[in-house]
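What follows is subunit A paired twice: with subunit B in the first complex and subunit C in the second.
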Partner chain A sequence: MELTTSQFVIGYYTFLLGVSCFGAYTNKRQVFMLAFSLTLVSFVLGIVGGAAALKAIAICAGMLAIAGMISFGFREFLIQIAEGDFGAGIRNSGSSSVVTLILVAACIVSGVMGWGFTEILIAITILFVVITSLNPETAKELRTAPLTAAFGMFVIFTYAVAGIFAPWIAPFGEAEVISSAFAPPDENMLLGADQLGRDMFSRIVYGSRNSVGLAITATVAAFILGAGAGLLAATKGGWFDQFMGRFADVIMSIPSLIFALLMLSIFGPTTPVIICAVAIIYAPRVFRLTRAVAGNVVVMDYIEAAKLRGEGMWYLIRREILPNSTAPLVAEFGLEFCFVFLLVAGLSFLGLGIQPPTADWGSMVRENATLISFGDITPLIPAAAIALLTVAVNFVVDWMLFRSSGLKEQ
Partner chain B sequence: MSEKNVLLKIRGLKIQGYSDETWVDIIKGVDLTLHRGEVMGLIGESGAGKSTIGAGAMGYARDGTRISEGSIEFDGMELTTASESEKRALRGARIAYVAQSAAASFNPAHKIIDQHTEAPLQYRLKKRMEAQEDAIDLYNRLRLPNPEEIGFRYPHQVSGGQLQRAMTAMAMSCRPDLIIFDEPTTALDVTTQIEVLAAIRDIVEQFNTAALYITHDLAVVAQMADTIKVLLKGNEVEEAPTEEMLSNPKEDYTKSLWAVRSFESPQRYRPKDSTPLIAVKNVDAAYTGGPKILDDVSFDIYEGMTVAVVGESGSGKSTTARVITGLLPQSKGDVLFKGEPFPPDYRNRNKDQLRQSQMIYQMADTALNPKVKISEIIGRPAQFYSGLTGVELKNRVDELLDLIELDPSLYYNRYPPELSGGQKQRIGIARALAANPTFIVCDEVTSALDQLVAEGILRLLDRLQNELNLAYMFITHDLATVRSIADEVIVMQQGKVVEQGPKDDMFTPPHHPYTDLLLSSVPEMDPNWLTTLLEERGVDNVGDAASAKITDS
Partner chain C sequence: MGDIAGLVGKRLGLGLIILLVISVIIFFMVELLPGDIAQAVLGQGATEENLAALRKEMGLDQPAIVRYLGWLKDAVVFDFGSSVVTQEPVTSIIGERFAKTLFLAAYAAVIAVPVSIVLGVLVALMRNSIFDRVANVLTLTSISSPEFFLGYILILYFAVKWGMFPAIASLSEGMSFVELLNRAFLPALTLVLVVVAHMMRMTRASIINLLASPYIEMARLKGAPPLKVIVRHALPNAWAPIINVVALNLAYLITGVVLVEVVFVYPGIGQALVDAVSKRDFPVVQACCLIFAATFILLNLAADVGAILTNPRLRHPK
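And now, the complex of A and B:
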């Protein structure tokens, strides 16, 4: 049944007024204020923009509601899994048996599905890690997660699936020319074609693998370098601490983009060089944070007790210092990941990042940039993909920071 | 006293705290009536809700807590329904607050007098010059040294006791009707405590200010309060005038608080003709680039005996322990273990030497890794020194948990933050025992605990000593603890040993004047103790002043 314009407008106002009356009657102050102020705004917008404006509002509200419902559902889903404590069995069995289990599972699944073994292996490993970390303790913490954090987790989950299974999700190959340049969307191509006639949607899906994968690897490398040096510096102290600190200062004093451009022009824009350059640029920040956090831990009495016991440096770092500095480090990981991601996208945009024909969101923005002058939004789609991921990661990180800061909600 | 004189009236106060996703009652309906010029002592163990009530009397609920029921009426004004700005107008001007740690409560970036005059200027009660003159007058009344000049120093430039007095002066700056003292002397030494107590009592009397005095020390509250209210887990136990409460407590809980310091272990004497377990010989020590902290310190500790080291803070007690454990290598002298010299730096000692001397820390919170399970905290030394693994290790941990009177099945898999203060301290003891030591340094192990819990720990340590033939070096500034557990006593002052000997001798005169000062500074339950002491010694002969005189002579 097609709704006429007048029916839609009448239904729209009836719904809003109904909600505000309900809010007022049940003393839900926030619901009432939201619904009624929206009614008043709609009066003005309806006069200015007609029924189309009201429809836009309705669509926005609907999308927000769907995002909210998805987040709520996803959080409940995680809580249920956590409360079920499926990971208990994995935690209790030895590491060798878990590795065999993962390998066997990956073999079976890839045999049955006919999909690549590596992808399945990565997916199953991630699944195992996630399930192991979901225990009743985490369920309690997940309950405190705001909807934004749940939304962020859901987005990250979607990107991970898209990235890992890109070859089976994307309808075409990332370098496959299938149509004329800048062809509009049709039933074959969800988002149209790019400047060479390649399917935009397929390239976005592949891009999540290439861009995100590169950013994650570079961030992990930066953390291994920075956190390792920071922990050592905090534990050893003395001249080693001083030396590492000044060395980090030197690296930090060089503008990051210039440094990356320099490295890439000297060694050529290959993936290992990008990873190394980015890791070196971001390691000093991680070093500073780790050293500060670990510096507060090493003065504790339990560290003194362990030293007096005669424990070695490795035990001190691994069992005493690291467990007490993970919370801020994990939060920092999320933040750094966003910076790294944006830097890699920026390098690609400048033409020094991941090289064509490999799909990468940053270079996709640049390649299709001319379309902007024709009022087409195609170049904004990879940009939106970058934005959505960084926002999602920040939502999750905000929640973690809130938790690690020890604040309690009122 | 008539109804008209009532300053603060709290009725059926309930305060809730947020934990584990629900609101839990912390204060479960407390009534309190305070008249003008009256001093009421609030006592109870930690977690009893003393400080929460103190904050509640200002209409304030800390983060994560809320006032859920009841009424707080200050001078006829209802605080639970008052707006934030109305409450703000009262705080500082008519209700003032003195916190436990003055050092942490002063802003280190501003001069004391500038912080002092902030409130009167803010409320436009005085001009800056007047406020400063008034501050100097108050410093004078509180007998701070150099009252003209001391306000112009920064907080880190004055001592702890002086800072606490400056804070009391600051609370007085607007001549409030009510001051809330939240454990103002708990962090201070006995000698410093006296002068702060005398100063507070004086000034409260002079201005006829009402006060809520929060503390867990019964002897202190006996000196300060007109009436005493005993709290337990958010409930009132009983309230009575001080004299009556001390002589005739009605409730069992109050009686148990009063009876606490009864524990005394029998005196042991040195075995004849044997080498001491630990011998400290003419030791000097200093931190790099700093002045000498220890000056020619010598003493012996024999197997199976407890040596208590007493003295005020800064006297070098803990430094001595650090020299023995090897954390601070001495610059001169020797530490002998069973006649053999111990390498000065712990890094040069072998596993067996490290195993022999263990340490129990003052703050169990920072001494136990919060992210490691109890089983590993206790199990690690056993694994590290004896190489136990698997079932053997688990049995050893169970055995140790039994030894410290905690049920292994309940505590094996828990983390330190889930335990109470006393339980944490027991875990600290178990960790030390796991190494099978012969000598344990106990660094102020009971001073962060309530009296009831502390007594439990002392009894446990004494039992373990008898069972395992351990030697303790017991560092403390609390002479009651010394009386209950020590066999020998060492008195330290400014890095020197001023007196040492068996416990019995130490508590009978004649003494070194410093020992005398320490002994006489310990508050007693008699409510007239402070008055008598001040009459005997004179106001200028207690605390830091007296201590300085002894050093000069």
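And now, the complex of A and C:
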């Protein structure tokens, strides 16, 4: 059934007014304010932009509603799994950290040796870690999670699936030329072809593996460097602490993109150089936070007790300091990942990231930018993918920070 | 007043030392180059004589420390040597571009600073309402988007679909000021979007932080109207964090400008830096990096000094 324009407009206003009356009647102040202010805005926009503007609003609201429903569903799903407590057996036997280490090692070995099943191993590892960390305790916390955080988790889940199983999801290879340059979408190609006639959709799927993978590797490198130095500085103190602090000050006073450009111009834009450059640029930030968090833990009495027991520094860091500073460090990891991801995307947009023909979101935007002047939005999809993942991670981090800080604004 | 001058002088000295260390890093990083600059410029196929001639011309036969001191002495008076690709003096390449970049950054700042402070205060007043949440999600989205994403969206709508502003910011001599503003509008707007989001969030956080303090509670309890609580009681103490926020974001503007300039083909120093990096034109790269770092440090310094001037408590460190 096709809606005529007048039917749509009448239905639109009826719906909004109905919702605002319902809100006012049941004393739901927020619902009323939202619905009625939307009605007033729609009056203005409807007069200026006609029915098309109203349709745009309706589509936006519909998309928001769908996103909300998916987030709600995903949160309930996670809560159900957490309450089922499938990981209890493994956790209670105390072997979960050993199994995780073995799985990670297997992933790395398999990746280096090029056996064909690295993807499946990585998926199993992630699944294992998630299942063991979901318990009735987390179920309670998940219940209080805002929908934005659930949405963030859902998006991260989707990206993980796309990245890990890219070769199965993508219909074509990432460097496979299958049609003419800038061919429009047809039944074979969902989003059309890029500047060399490669399938855009396949490249976006592969990009989730390459771009996100590079950003995660670089963040992990920055974390190992920064958190290691921070923990050492906090436990050792003295001149080492002073020196590292000043050194971090200097590095942080060079703008990150500029420093990255300087290093890439000297050593050339190869993947190891990008990872090292990002690690050097972002390690000082991690160092600062770790130093501050660990500095608060170091002055505790139980550290003093452990020192008096004669425990070594490595034991202090591993068994006393680290477990007591995980929550802020995990949140910091998310935040740093966002910064690193945006920096790497910026670099690859400038042509200094992962080199072609490997699919990479930043460079895909640049290569297809000419299409934008014809009013085509396809080149913006990789950029939107970058933005969506960063937003999602930020949502989750916001929630985690709120939870770990325990402070409620008045 | 003597103690203020002393504090500010100390900060200035610290900034100068950091700048010196950065100049060392920037200069000696190029020394880490496999081979040397002459090899990198001429490529693998260069003959021994050509290499020797270029080395002589660039003074590479002298020890690094001598060259560094010479480079630093010239850099202080803005003489960065000449480009290895075009042989032009670096100052003539980047001098005019730097002015254009400053124009773009100032343009963005003039729009962004008042808007974000007003919006930040408003959102802080309406905290936890539905508008606050919408603003939170919107600003977060804007911060999380790469600059080129925002830039291309603006091009798509304002330039291609609605044809209101030019997509390519080509500036030329003899343009009227209004024309300049029109040409640079989209790049400036992109920067504004990013910076407003940052500034709004930081202003909101610092105002909310302030509103939780006991003397605000007192003012409220004695029956002062909300606007008066903000203007008379909260704002005088909020200046320090707000100045800090503004200076930090202006520093951010300076680097964000690189990507925006590339998107809009704006003839600024960021574009020059990116070109020089891909051509491996090291004197230009070094000069641009030094200028960016110096601006960055200067603005951070301004934030510190502003905080000291507006907050008397900082003048008496414990």
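One rule holds for everything that comes next: the second predicted complex is superposed on the first by the 375 of 410 C-alpha atoms of A that agree within 3 Å, B and C clash if a C-alpha of one lies under 4 Å from a C-alpha of the other, contacts with A are read in each partner's own complex, and residues count from 1 in each chain.
In the analysis below, a contact is a pair of C-beta atoms (placed from the backbone, for glycine too) under 8 Å apart; a residue touches a chain by one contact, two chains touch by 3 or more.
If you're wondering where the values come from, they're calculated on a predicted model, not measured in any experiment.
With both structures placed on the common chain, the touch criterion links A:Ile47 to neither subunit B nor subunit C.
Once the two structures are overlaid, the count of subunit A residues touched is higher for C than for its counterpart among subunit B and subunit C.
When the two structures are aligned on the shared chain, A:Val112 is found in touch with neither subunit B nor subunit C. Touch criterion met: A:Pro323 reaches subunit B, while subunit C stays clear of it.
Shared-chain residue A:Lys140: touches subunit B; no touch with subunit C. Contacts of A:Glu311 after superposition: subunit B is touched, whereas subunit C is not reached. Subunit A uses residues 409-410 to touch subunit B in one structure and subunit C in the other. Taken together, the subunit A residues at the contact with subunit C in this complex read 30, 33-34, 148, 249-250, 253-259, 261-267, 338, 342, 345-346, 349-352, 362, 365-366, 369, 372-375, 377, 379-380, 383-384, 386-387, 390-391, 394-395, 398, 409-410. Residues 18, 21-22, 25-26, 29-30, 32-33, 127-130, 137, 140-141, 143-149, 152-153, 155-156, 160-161, 167, 208, 211-212, 251, 254-255, 258-259, 262, 273-274, 276-278, 280, 282, 285-286, 288-289, 292-293, 296-297, 300 of subunit C are the ones that touch subunit A when the two sit in their complex.
By the touch criterion given at the top, residues 140, 143-144, 300-302, 304-305, 307-311, 319-320, 323-324, 407-410 of subunit A touch subunit B in their complex. On subunit B, the positions that touch subunit A within their shared complex are 18, 20-21, 63-64, 66, 325-327, 346, 349, 351, 354, 358-359, 361, 363, 366-372, 376, 380-381, 384-385, 431, 435.
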